[in-house]
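For reference, chains read A, B and C in written order, and residue numbers begin at 1 within each chain.
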Amino acid sequence: MTDLAERQKLSYIAAQAADARLNVELETEGMTLNIGPQHPATHGTLRIIVRLDGEQVVWAEPSAGYMHRGYEKLTEVRTFPQITTLVNRIDWLGSFANEVPFILAAEKLMEIEAPPRTQHIRTILFELSRIANVSLFLGDLGVQLGAVTPVFYAFRDREYVLNLIESVTGGRFHPNFDRIGGLLDDLPAGFITECKQVMKRLRAFCDEIEDLLFGNEIFQARLRGIGVIPADVAKQYGLSGANLRASGVDFDLRRDQVLPLAYDKVDWKVWTHPDGDSWARCWVRLQETREATKIVDQLLDTLPAGPIMAKVPRIIKVPEGEAWVSTENPLGEMGYYVVSKGDLGPFRVKIRSASFNNISVVPWVLRGVYVPDVISILASLYFILGDIDR
Amino acid sequence: MLAVEIPYWGQSLIRVLAGALAVLVPAGTIVYLFLFKMMSFMQSRLGPMEAGPYGSLQLAAEVGKWMQKEDITPAKADRRVFRAAPLIVLVSTFVLVAVVPFGPDAYFTQFDAGVFYMLAVSSISTLGILLAGWSSANKYSLLGGLRAAGQLIAYELPMVLSVLGVVIQAGTMNLQAIVFKQNTDSIFGWDGIGYPYILTQFVGFLIFMIAVQAELTQAPFDMPVAESELVSGYMTEYSGFRFLIFFIAEFATAGVFALIASVLFLGGWGVPFAWFDWTTIDSVDDWMNVAGPLLMLAKMTVLAGIIMWVRFTYPRFREDQLQRFAWKVLIPLSLANIMVTAVCKVVW
Amino acid sequence: MGRVRKPQIPGLLKGLAVTARTLAETLKPKKLGGGAVTVQYPHEKETPPIRARGVIGLREENCTVCMLCVRSCPDWCIYIEGHKELAPPRRAGGAPRKVNKLDRFDIDYALCMYCGICVEVCPFEAIFWSPEYEFSEPRIADLLHDMSRLGEWMETVPEAPALEAGAEKKKGK
């Protein structure tokens, strides 16, 4: 395998060569192709404008905003308890994970800390939504690359996770379960045993996907060495999550910051990969899914007894101030910057969603690749439209 | 030979009807058995269950649905070509099935250059696909059509070369004679199972099946359709019954190629002649004209099952990887196979 | 394209084995633990968990028209109207009480986001979640459930589930 810098150089040369061919040597006219807004590979309404020379991309530009729902503005006319139900629609596949940083920011402003049992349950649900989210990615990866079967396995096994989430929160996709100072309710009886079975099943699913996709020589040929993002570029573009870790940067907000979540109480590992190519991104996600099942298992074993609600006034007024909390969401770093003026609702909320930053690298990484690789690179970057457009 | 004398027009009518049957029955079998049911089972679901017992009439429902749909031609499309393209693809299937022998007397036509003809007409569908892609006035279709052209031409060659091994071994290009040979030859004097060429031509069989997979644009070689990249490639702009024709042609061709593969490598319609003490093709009992097609259908089902199994499991190659695979792996391999076969033929 | 270290069984065959295994599992009769994971919906149904947020049931007599649910609804899909009424006194000889009577309690399920905030804030145990989910309508206007329709859903409201070990009993509902 060629080393990273060399591959980067090669892809740069390829892009330059494509430029040169297009503009100077042959004076051919490039073909501008709109991938999206309605295209099966953009799972939503992302539009990527690419200029092609043959099937080689010369220039690419993502154009977001087709599904802008104005959540930052909407939050300004909602009270704090109402906002969780809005924000869990941002990344709709891992929706509980969207609520956590917002609630933590509000708690930070109110100087409340949730009880330890709540922290545990929050972390469990957080990781469950990560599993639900990333397992769908693993299946979707197959569809993007033309294998129809993995996605059905992903839907099949994600269903078990969603059932778990539903049995706790009442909602499959939009739990709206996190409250300032605690949770809406405690876990229902029988959850721990059921959850452990599901985690076992999910590990089997990971093995199955590894056999079906990751071990497949065609799959490897499609992804290895494609869409290489070196560590410094990844940092410059503000990538986060598995995309960053796949470039060899050992950065995980679950471990690298102190939050009232239970990650420091379990033994787990941050997976990184030195290559930075599409394969590495997919592989890191696969390993993270496995790791998440282990985290959940350990948390279930060490679940402390106690209350789930801190002392919180009945009508929540958040004191004046500003707070920034970000967490390691399934897609990457997700953060909320909450400005409160001591009212029932926030004065301003800035949402930093992972996918928006993750796709900002698209123009850089797509230069010089072929059309099929556009799809595989987009698939491996893994974005959710709601997370881009908010 | 048949006992009753049928007038020429009657024979022609029977041929046409049987031809339609020979194309549509495999297509229907493949779609229902594999596309609806096997794929569903592989994905841990049941597939269509509502139309008819166990969803068996789903196919009729689908055809009815497609027939009802509006037949849209894009404003900027080259109308005539756009409309004709699906028919060209379908016609190539019908032309292809003409040389396939289904029984000692159950064949449409039979001539000595059967293999040559088969290989020649199988590329007509490429023309239809290219026309479809180009006339659609759609960039995705254009890319799909061009990919199809490149791919189908690249895989024509390994297919030809892999069949060559069989031709060398049989010493004839007549498909009927190839069937005859396979069922009368003996393996070192033992004639219990005849001598299906898959035994000696296994490499050829493998290459042939890979080439068929590519020729049919099934995954892992489905870049011309590539629904996640090119939306549907050359079929993007088609709707209604024209799309249906593409759809039928895709699976009918899969069936016909599976039939051809069973003729070339698995002994075709025949059972080992030694079982019934037949010696020549004329001495074969008449009931083989009924049993033969059924046997062919069974073999076709097995082969098409493998094609579909692979299709439902694998992700697709990239266009350049596919070309590399064809030119750097398959073609040298099939050339080596021909050489070995030729040497063996001379030695024994 | 990097050279891949060959595993012992080629990944291509492993993949085929995975799909074949699933095929066999699906074909295996249900009694032996096989069968598809999908449910043939109109013929057989899955039971949603107890806490599932399907539809809201209303216990009319508990409602005091306090409007808390209306105000806390993030998309304002609850409509309440009421009037004051004199009720007989609690003790004999006392002054008649003033009670709020519900005239209208509509929830527009075409707008509802099923967030559950209204059920959570209700201080008088008047509205509850029911896991019932089959109330789709051909006309969008029919998704506006009025008081009597919401009252009918009360029959489907289950008991709250028991809690996992280590949980503290919650006050109220």
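Keep in mind that, in the parts below, contacts are C-beta pairs under 8 Å (C-beta built on N, C-alpha and C of every residue); 3 or more make two chains touch, one makes a residue touch a chain.
Note that the structure is predicted; figures quoted are calculated from it, not measured.
Looking at which two chains touch through the most C-beta pairs, you get A-C. Distance between Cα centroids is largest for the pairing of subunit B with C. One simple way to say how far apart two chains are is to compare their mean CA positions; for subunit A and subunit C this gives 27 Å. If each chain is reduced to the centroid of its CA atoms, subunit B and subunit C end up 52 Å from each other.
Centroid to centroid, with C-alpha atoms defining each point, subunit A and subunit B lie 44 Å apart. Counting partner chains per residue, subunit A has residues 149, 153, 156, 212-213, 216, 218-219, 221 touching two or more of them.
Residue positions of subunit B touching 2 or more other chains, listed in rising order: 42-45, 312-314, 321. Of all residues in subunit C, those that touch two or more other chains are 1, 12, 15, 18-19, 22, 37.
Against subunit C, the residues of subunit B that register as touching in their complex are 38, 40-46, 49, 309-310, 312-314, 321. Put simply, subunit C touches subunit B in their complex at residues 1, 12, 15-16, 18-20, 22-23, 25-27, 36-38, 40.
Those residues of subunit A lying in contact with subunit C across their complex are 1-2, 78-79, 81-82, 85-86, 117, 149, 153, 156, 159, 163, 166-171, 174, 176, 184-192, 208, 211-221, 224-225, 303-308.
On subunit A, the positions that touch subunit B within their shared complex are 31, 33, 39-41, 55, 142-149, 152-153, 156, 212-213, 216, 218-219, 221-222, 370-375.
Subunit B makes touch with subunit A in their complex at residues 39, 42-45, 139-140, 143, 219-220, 222-223, 226-231, 312-321.
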